[in-house]
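In this document, chain identifiers A, B, C and D correspond to the written order of the chains, with residue numbering beginning at 1 in each.
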Amino acid sequence: MFDPRIQIAGKNFQNPVWTASGTFAYGAEFEPFLDLNEIGAVVVKGLSIQPRAGNAPNRIYETPSGMLNSIGLQNVGMENFVKEKLPRLKHYRTQVIANIFGKTEEEYVQVAAYLSDHADIAGVELNISCPNVKEGGIEFGSNPELTRRVVSSVRKKCRLPLYVKLSPNVTDICPIAIACQDAGADAVTLINTLVAMAIDIERREPVLSTIFGGLSGPAIKPIALRMVYQVARAVKIPVVGIGGISRWQDAVEFFLAGATAIQIGTANFYKPTVAKEVLDGLVCYCERKKIPDVAALREAMKSEKAQTC
Amino acid sequence: MRYFTARLVRHQRLNGDNFLLHFADPQIAAQALPGQFLMIAADVDALSPYPILMRPFSVFGVSPQEGSFSILVKVIGLGTRQMSQFGLGADVPMIGLLGNHFEVDAQKAAVMVAGGVGIAPFYLLAQKLIHGGGPLLLLYGARSRSDLVTMEAFEELGVEVRASTEDGSFGTKGRVTDLLVTYLKDSSNSQILACGPGPMLEAVSRIARQHRVPLQVSVECFMGCGFGVCFGCAVETTEGYRLACQYGPVFDGHKMKWDTSGHV
Amino acid sequence: MFDPRIQIAGKNFQNPVWTASGTFAYGAEFEPFLDLNEIGAVVVKGLSIQPRAGNAPNRIYETPSGMLNSIGLQNVGMENFVKEKLPRLKHYRTQVIANIFGKTEEEYVQVAAYLSDHADIAGVELNISCPNVKEGGIEFGSNPELTRRVVSSVRKKCRLPLYVKLSPNVTDICPIAIACQDAGADAVTLINTLVAMAIDIERREPVLSTIFGGLSGPAIKPIALRMVYQVARAVKIPVVGIGGISRWQDAVEFFLAGATAIQIGTANFYKPTVAKEVLDGLVCYCERKKIPDVAALREAMKSEKAQTC
Amino acid sequence: MRYFTARLVRHQRLNGDNFLLHFADPQIAAQALPGQFLMIAADVDALSPYPILMRPFSVFGVSPQEGSFSILVKVIGLGTRQMSQFGLGADVPMIGLLGNHFEVDAQKAAVMVAGGVGIAPFYLLAQKLIHGGGPLLLLYGARSRSDLVTMEAFEELGVEVRASTEDGSFGTKGRVTDLLVTYLKDSSNSQILACGPGPMLEAVSRIARQHRVPLQVSVECFMGCGFGVCFGCAVETTEGYRLACQYGPVFDGHKMKWDTSGHV
């Protein structure tokens, strides 16, 4: 028997298959498709102090095995989340993690502090990597020193478990992950989307109103997996793997690479039951391979070959 | 709203690149309202679909007796090309019913204005309204004769069809907005229901404003999910951004900000 | 009428549709499929001083809309290239560009100098971005200062037009491109592959013998296009666009983003006539849009919107 | 070597997940040698194929009279699943003929050793050899009865077939290498031609070495192009890395370094 339960920062998760921020709204939207109790954790859409209307259209576009988005972090704001969205989610055994962002260090701190006071949830996930917004979310996450600073500041005021979500748009992701660990993060989650674009050749202009957007979906899985593999070998805190997971086989790859939990993003849009299918497949695989739990799965890789890159 | 598969029971090739797919699903057949849509997988390989995202399609017609509904598909890209090759008996994944619907004011004459494949939501509207009495008019424009489809079906329902083509190969030569201007000259107590490409809808809304006629438009935009979770389908209205899959696809045409609502 | 000819660093190319290093071998291999005269330039497989046997199997793997490779820069060496491979290519009007790499700055210089003396070709393309080889090709290309140094050194001994091929595995590609320009490069080509991996979940080990490999193909096109767009606005020298081009529409996107020429890579493997098809489609498009030449195509984007990322 | 499309003229479902696809192409039918292969598109949508890379398949049989050839396909992943759904009349892009071929020494008895879908190159070998006279033996192993295919076709050609299954559901219970050991006990002047999974080939090569019998193996590996340009299909031999699509797929079994030759 495979035991799917995991624990991170003192919180218990019934399983390691979670849904990613920005792809699962506030959870309730998936009630028609899925028993939310089946999901390990729901990471809700990125929250800011004030509600945000998001970017001008076009906001999304499909590319080969992927999609671009430039939603602009549209969200209901932290207060509405706590008042209107969270109570519904609390009906479920599923854990809730709040993805948060700010324009400045202070804003990050303020959202984290507010949620620490008002939300009984399993953690906050600091989005220091969103490539969409003018205000410069990208800046924090692409530099270890800035990362260390914002994570330290948030850590001081955040009494909830602290996840930091890393950007893949960097030369070397390991120093950033280490900075998070050093600054007191309980876990890192990766990857966010890759900065990318598409051009409408008939109109001869970028498809997205913001020119650039974030690439997600199966196309990016090999990049995400590589980064998870690297980071899992660079830090001691748990790594949550994200990027292009759409089948249970993908999830198994991430666990073998060293992830303690995984998040499913884009696939929720076109297969709203995917989280359940991934969990079922994962359990089957582990039982077939006689792997008792997630910790064992993370250790199940054969001895490592020389790393030559 | 369900995530389900429906079996393809009939495949009808029409003019040009258009065709009708008929699916068995008694529930959709019984419940669909005109203007509502489904997200439909463009690849039946559920294990590894390509393209990945589902595609939005209006419910074209329903047959509650047979427990089936149809969608009208125009081939314009990879997804619709693959759909054109779906085999009979295929079980196609889809999500629906989605979105709001046209609401017709019984006090006013209803004129449907369709551009190209924008004809799609109006057959169901006609199916529903024709029983409610009142004459129905369809103004239907396309580039060329081969882009005009299912007109006989409308006529069989008793709808009056006036067509225009840009190349003059059928009906009046010109645009569907020309037909609309002519019509509005002597029919002030009307309401317009429009569906078609963005520029056409924009032109229709200018005309409707001039004539002070109520207007409902079904808008087109890229949709990532169809059920309100990706926040990708925003269009701009006078009340701010609105998700087309949730607040729409049918909007008050006078409240649309056309310039800033993106384009597909 | 559309005039497909371009000129870079004083060399004339009959058209801007080229084939990418490592995906077209030494050119002759495509004679059964294609009139090589139809191609603007053939960029041959990366050359080193000595022949190289390449990496252990597995060297390749397919991923969603892409592929991983870890060929390890197998090549015949610069001398064999000049003696055995180049003469055959010289039968064609098509220009030849030699992609080169080294373990050290000196090796880069030596290959460039040798080719300057012995090869009548349209340029050398410095691969400072290959993620596959131990010896650290990645190091040069991920740091502007190292890039400037190696390009300067090569420039001194290189009497052929000098292209530098950039790595996408960086936080900000623009400073690297600018360093190339400052160091005397005649053009930059981008992108090389993205570092990525796959895991065989049955064997529970990385699929590639080197663990990591380079991701190429349609999956990476949106990332490549974004970088070309950025670099074309950051430097004055010509930009050669590469990454996931498999249809003429893709190529048009790259030209609109600012590329002076494009290279087709992975698509050659599964559509060996793709270069010809892309050229034909490009010409058709430009004639339909009444665009007279490549320079005009590069300027054909509508006025730029605010860049908000 | 050509890049061409061949029309699917016959689709034959066999046991289990195996099937034969017959394509019309007189040139391949006339020229194919046993062991040669083709790279075949796993998606007929040439505009945007998915998966992108072509897949290698041995020529199974030829009919020079009909101008057609066949391939044997076992469904194991996305590409082969899509191929199993190719419609009759489809024009399938492919590249071929590729690779070297088995070379049979007329002085020695030839025994073919096939594991699973490794049967594929041997039918053509039998077609060619059977005219040259000499008795032909096929040792054919699989997991289970449903994985054994086309045995009657071999028998019709006059080949002696000895089969083994791991679960004992057909033929001898055990592995095909057991059959080989038994055979070699009293047939020293033989040559072995083998095709199948890597571990099987490795086992066969150990046995062949022990018995000092010449061995040719057709190896399996990932192939990016099939025509020698991606350098992706290297296998390790005692002479160094060799591209399987160029120097192979048939190699001297005694020169293979199995440990370091990758796996699929």
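To be clear about the criterion, contacts are C-beta pairs under 8 Å (C-beta built on N, C-alpha and C of every residue); 3 or more make two chains touch, one makes a residue touch a chain.
Computed from a predicted structure; not experimentally measured.
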**Request:** Show which chains lie in contact with chain A and also with chain D.
**Result:** B, C
**Asked** Comparing centres built from CA atoms, which chain ends up most distant from chain C?
**Response** B
**Fill in**
The distance between the C-alpha centres of chain C and chain D, rounded to whole Å, is 36
**Asked** When the centre of a chain is set as the mean of its C-alpha atoms, what distance in Å lies between chain B and chain C?
**Response** 45
**Prompt:** Cα centroid separation between chain A and chain C, in whole Å?
**Reply:** 33
**Message:** Quick check: what residues of chain A touch more than one other chain, meaning two or more?
**Reply:** 55, 64-66, 203, 209, 217-218
**Prompt:** In chain B, which residues are in touch with two or more of the other chains?
**Reply:** 47-48, 50
**Message:** Which residues of chain C touch chain A once you look at their complex with the stated criterion?
**Reply:** 55, 63-66, 68, 131-134, 138, 142-143, 169-172, 194-199, 201, 203-206, 209-212, 215, 217-223, 225-226, 229, 244, 249, 252-253, 256-257, 285, 300-302, 304-309
**Message:** For a test of understanding, state which residues of chain A touch chain B in their complex under the given definition.
**Reply:** 22-25, 29-30, 32-33, 45, 53-62, 65-67, 69, 71, 74, 200, 203, 209, 217-218, 246-247, 266-273
**Request:** Show which residues of chain B lie in contact with chain A when the two form their complex.
**Result:** 1-3, 41, 46-54, 93, 95, 221-225, 227-236, 240-241, 260-264
**Touching residues on chain B, where the partner in the complex is chain D** = 45, 47-48, 50, 78, 81-82
